[in-house]
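Below, each structure is written out as structure tokens.
What follows is a pair of complexes built around subunit A, which joins subunit B in one and subunit C in the other.
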Partner chain A sequence: MLWKYALRRIIVALPVLLGVTVITYGLIYLTAGDLVPGLQLNPNLRPEDIARIKANLGLDQPFLVQYLNWLGVPWLLHQVGLWPGAVRTGLLQGDFGRSLLDGSPVMSHILERLPYTLELTSLAILVGVIVAIPMGVVGALRRGSPADHFLTSLSVVGVSIPNFWLALLLVLIFSVGAFQLGLPHLPSGGAASSVNGGDVLDRLAHLVLPTTVLAFGYLAVWSRYTRSSMLESLSQDYVRTARAKGMSERRVVYVHTLRNAVIPLVTLIGLELPTLVAGGAVVEIVFSWPGLGRLALERAVGHDYTTVMGLTLFTAVLVIAGNLLADVLYAVLDPRIRYT
Partner chain B sequence: MSEHLLQVENLRTEFPTRDGVVGAVDGVSFYLDPGETLGIVGESGSGKSITVLSIMGLVQRPGRIAGGRVLYKGNDLVQFSQEQLQEVRGKDLAMIFQDPMTSLNPVYRSGWQVGEPLRLHRGLDRPRSLREAVSMFRKVGMPEPEQRVQSYPHELSGGMRQRAMIAMGLTTGPSVLIADEPTTALDVTIQAQILELLKKVNAEYNTATILITHNLGVVAGMCERVMVMYAGRVVEEGPTEDVFANPSHPYTWSLLRSLPRLDRDAKEPLRALPGLPPDLTDLPSGCHFHPRCPFRIDRCVDEYPPLAAVLPAQRAACWVTQAGVDLNRAGAIVG
Partner chain C sequence: MLDPTAGAIEAPVAQSIGRAGRRARGYWAESWERLYSDRIGFACGLLILLFGVLALAAPLLSAVVTHHDPVRQNLANTFALPGQFTFPLGSDELGRDTLTRLIYGARVSLLVAYLTVILALIIGGSVGMLAGYFGGWLDTVLMRVVDMVLSIPSIYLLILLTALAPRIGPVSLNPGNPYSLAVIIALVSWGSLARLVRADVLSVKERDFMLATRSLGASNWRLMSRHLLPNVLAVMVVAASLQVGAIIVTEAALDFIGLGITPPTASWGNMLSNSQVYFYHSLWLVILPGLAIFVTVLAMNVFGNTVRDAFDPRLREMR
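Our next item is the complex of A and B:
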């Protein structure tokens, strides 16, 4: 049942993905012009050289042909004997092309950076959820109490403070300040120390500050959401039924209320998955974290269009995967959702 | 004084609001004997639900019980701690609610929910509580009980859900079952089935039942005694037959008069009660009912009447009937 539902959702997502490729390719085609920056400025290249380079790259073809080449449609046709001659692989074969800056496959860049981003974002999500849910529950159960007011203020602060500012503040306190005072201090950037580093403890130490910054923003939103969702659940008739059965208030809250309250939260978190990659970019840059966000910035600045394109597509896939994951989780948690 | 199964004495439950304190239950006293069925009727907002929720200790903040006693087998539940109340709720006192659509938890299977009181109060494990749920489902006339325990609430019809609620209330063999408008949300044929079931349960298990309803016909068919509430107070109480034959409070009288009856002349118009239910933050002086009362005398505007015997088995809070006036006769004149 569930896998069928997931499969159906994936099939429905395919046209969306295709649309994303058209738009991505179209945008780059329109904005990047020649696609090969500075070619005309090179005095050693004759016009016919430039023409040859472009022909090699397939840039002399009309847009549609270029797009289909990039997708790898000819390669597919070639496999079934409908296309003569050898052709290059494309997107459909998982080939994102090569970087315009260094000529290495875009995919290898992405795969090299991906683990760092995943490490950081999944830890931040985990911390966010683990802290946000109890925060929201406490806020809902003690509505109007000093604890609730404190948590509310904390959330407002969390939403209002820009990531980069909080990052700099934390670096100032826990790296620079602590160092100057001769206290144990946390590293201010990178994923591991280059000297005598790289063991688990060292890597964890590097994760502390960026994770904190990332988690803080999400925690603020999610805890508010949990709070209002809890309040909503607590006012439901089935909670009164639960109380009438004579169970502890603890059981009322954790067995009969929380499960219902977190269902909508799951969707929210699923939708946040991709923005954590993008939103993580600022944090990655401040902390010199070698993840996808920083890669995107470096390559955008360096006019590495193919890599930027690859990253855009990759993010789009993440968006769709996040949605799908949220829907499937939702269906698992809420029996009222039918897998159709 | 003989000991009743449940005896409520001068119960008061308040809600602080912006417009002042609302006395939702304002000095309510009544009793319930083993195996009997007591009906509570009254307009919307008259405090029926809050009365029974107070008995169960289920009034939610900011509401609070401001006074009185709820004696269950001689113990005052008002003085019980939450832990002590948890022992009694769902085991000795069970409650079913108006809307079976929303009263079951949507994310758990019905059998799991029906068996829960047994796991809580009798220490049964899951498989045994599930077997009990199946047999309970059978007793309340649930079709295909083995399959239905595996169903989620949204997979059950309204009638089936209310059967599940009743099964859930009865698993532990409570001595009191409180049903707060158990059929209001159901369609007419299902209503009749559920009421029939409650009657059967009452007879078979000797469970004393408090039945809250707007439907006087239901009271006539189900309840040995009836209690009428108005603005948080009991205005009349007595054996159903007597109250219906000789209503001794003008409010009861007008409720009965607004009821369509087969034995009455079809041309005689039905009369709805004139006026609006009172605002609990701004109650009328004297008898709260006096602005709407066709029998009003001067004393009603100044003084609230006590609930006192009017007929041998019947008590009412009304100066007029306490002075010996028969409302049925006087009503013919008042019109």
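Our next item is the complex of A and C:
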């Protein structure tokens, strides 16, 4: 039953993926007139040259043809002998196209930056979860105590503080301030020093500030949700029943309450999986972290739309996998939910 | 068995069409009383109101109180230190008064945030309720659309949209304009609301009181508007109240990285972005715009919590 459900979700995820490609390609198509920026401004090009370039790139074709070409459908057909002539590979073959800025494959840019992003965000998420769940549970169990008030205030501050401002403040204190006072200071940007070669310690030092900023944001949200859903679970009838029949408080809390309380959290973390590849984008930009987010901004500002589109798609693919996982977990954890 | 909480709350619909019984008025009056009795939360509400009034009165304040124009340059008074009579919060690299610019920045931030939340709530709320309540193919189709929107990480979609929007001819959304920016952010941020609402609807609609009401012959519309909506309203209110703050941050972030409201129009985000260059000698330029965002968002989140505690009947006894 559950496996069938999981399988069905995988099957329905495919149209979603297709929908995403249509959305992103559609957005780019709507601006197709400008897709080759500066072409019209080049005095050495006659209108017929521009037309020829566009024809070579297939930009004179109708939307559906362009879209299918970009997906790589003709290539597939060519492989089984249904399409004459040589054709370019497309998305289905993992070819995300080429950058408008330098003509290199978009995929190579993405793969170059991806490890940095994953390194930063996975560390931040890990720190966030490890700190958030105990924070939320303590807050709910000791409701109204000074500890609860402190944790709640901390999470409200964490939710409210703009991460790019927090980043600036931390840089102000731990990099600039400490440096000016002659104290040991943390690096304010980049992933490794170019001077001493980026050994492990150096890389860790570069990770400290961005990870702190990101993890603070995560744990603020997650501890708040853990606390409120713990409180909600604690007020349910089955908890009263469990207590009434003499179950130990420890068992009530950890078996009956926490299990139900983490259900919304699973969805929430599932929804946060996009941040595994994207959540740190603004923080990456502040800290000059050479990840995907910074790449996206650099390329968007440089009008390199194919790269931005490739990045968007690439991250979307990863996210769809994450959402699938969250949905299945949701069904495992809460049997009350019926799927019709 | 009827759910004990179901009778205790009545839909706002009931009140607006004037058929509210004593109980319905009782709930809202009681809730307002609770809202009023939470000192900190209520103070935050007043603070938001004050910011709203300041933002609305920005042209008046700039003419009568601060005597500065938000964009006119005054190159004789660059980097004035805060605390002077003419520049209470200092001036920036072009001699523009920071206080005046902060007030004008509030205009942009609040306008974009409220507009976005209203749009996102309308889209996300209706999609989530329809999908969760009716289930079946409607649920499948709507949730696939939500999946599509959600599966594109919002920051990338925002970067793509803000970069492309001015180039999309017939639509003509320019992210430099607050209204367009609100539409762009709303188009990106309704998905999670829809999901949260749907998840809540899924569990509420399985409760016995829904079955009981249905068996009394209530129509789908009545079930949704009078019984489902009040029960998921808490989730919507909390999500929306959290969203306002988050959207202010998103908007500021977009301005900060240079894709939203562009200078010389003052916005908290682009003021902060501008200040990075003067990090070493003009601390107030870094601290003040960020503090404005932080305090506003903090007040909105605390007030949102208060609203939740006051209006969510299931958490009523919890504090």
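Quick notes on this structure:
As a convention for this text, the second predicted complex is superposed on the first by the 281 of 340 C-alpha atoms of A that agree within 3 Å, B and C clash if a C-alpha of one lies under 4 Å from a C-alpha of the other, contacts with A are read in each partner's own complex, and residues count from 1 in each chain.
One rule holds for everything that comes next: a contact is a pair of C-beta atoms (placed from the backbone, for glycine too) under 8 Å apart; a residue touches a chain by one contact, two chains touch by 3 or more.
Here the structure is a predicted model, which is why all the values come from computation and not from measurement.
Once the two complexes are overlaid on the shared chain, A:Tyr238 sits against subunit B while remaining clear of subunit C. In the superposed model, C is the one of subunit B and subunit C that contacts more residues of subunit A. After overlaying the two complexes on the shared chain, residue contacts for A:Arg259 are found with subunit B alone; subunit C is out of touch. In the superposed model, A:Ser248 lies in contact with subunit B only, and not with subunit C.
Of the two partner chains placed around the shared chain by superposition, subunit C is the only one that A:Val16 touches, whereas subunit B remains out of contact.
When the two complexes are overlaid on their common chain A, residue A:Gly182 makes contact with neither subunit B nor subunit C.
By the touch criterion stated above, A:Pro84 is placed in contact with neither subunit B nor subunit C. When the two complexes are superposed on chain A, the residues of subunit A that touch both subunit B and subunit C are 334, 336. Note for the complex: subunit C touches subunit A at residues 135-136, 139-140, 144-145, 147-148, 150-157, 159-164, 167-169, 171, 192, 195-196, 199, 202-203, 206, 242, 245-246, 249, 252-253, 256-259, 272, 276, 279-280, 283, 286-287, 290, 293-294, 297-298, 300-302, 305, 314-315, 317-319.
Within the complex, the subunit B residues that touch subunit A are 56, 58, 82-83, 85-91, 94-95, 97, 99, 102-107, 116-117, 120-121, 152, 154, 165, 168.
Touching subunit B in their complex are the following residues of subunit A: 236-238, 240-249, 256, 259-260, 263, 333-336.
Contacts from subunit A toward subunit C in the complex involve residues 12-13, 15-16, 19-20, 23-24, 27-28, 30-31, 34, 143-144, 156-157, 159-165, 168-169, 172, 176, 228, 231-232, 235, 264, 267, 271, 274-275, 277-279, 281-282, 285, 293, 296-297, 300-301, 303, 305, 308-309, 311-312, 315-316, 319-320, 323, 334, 336-338, 340.
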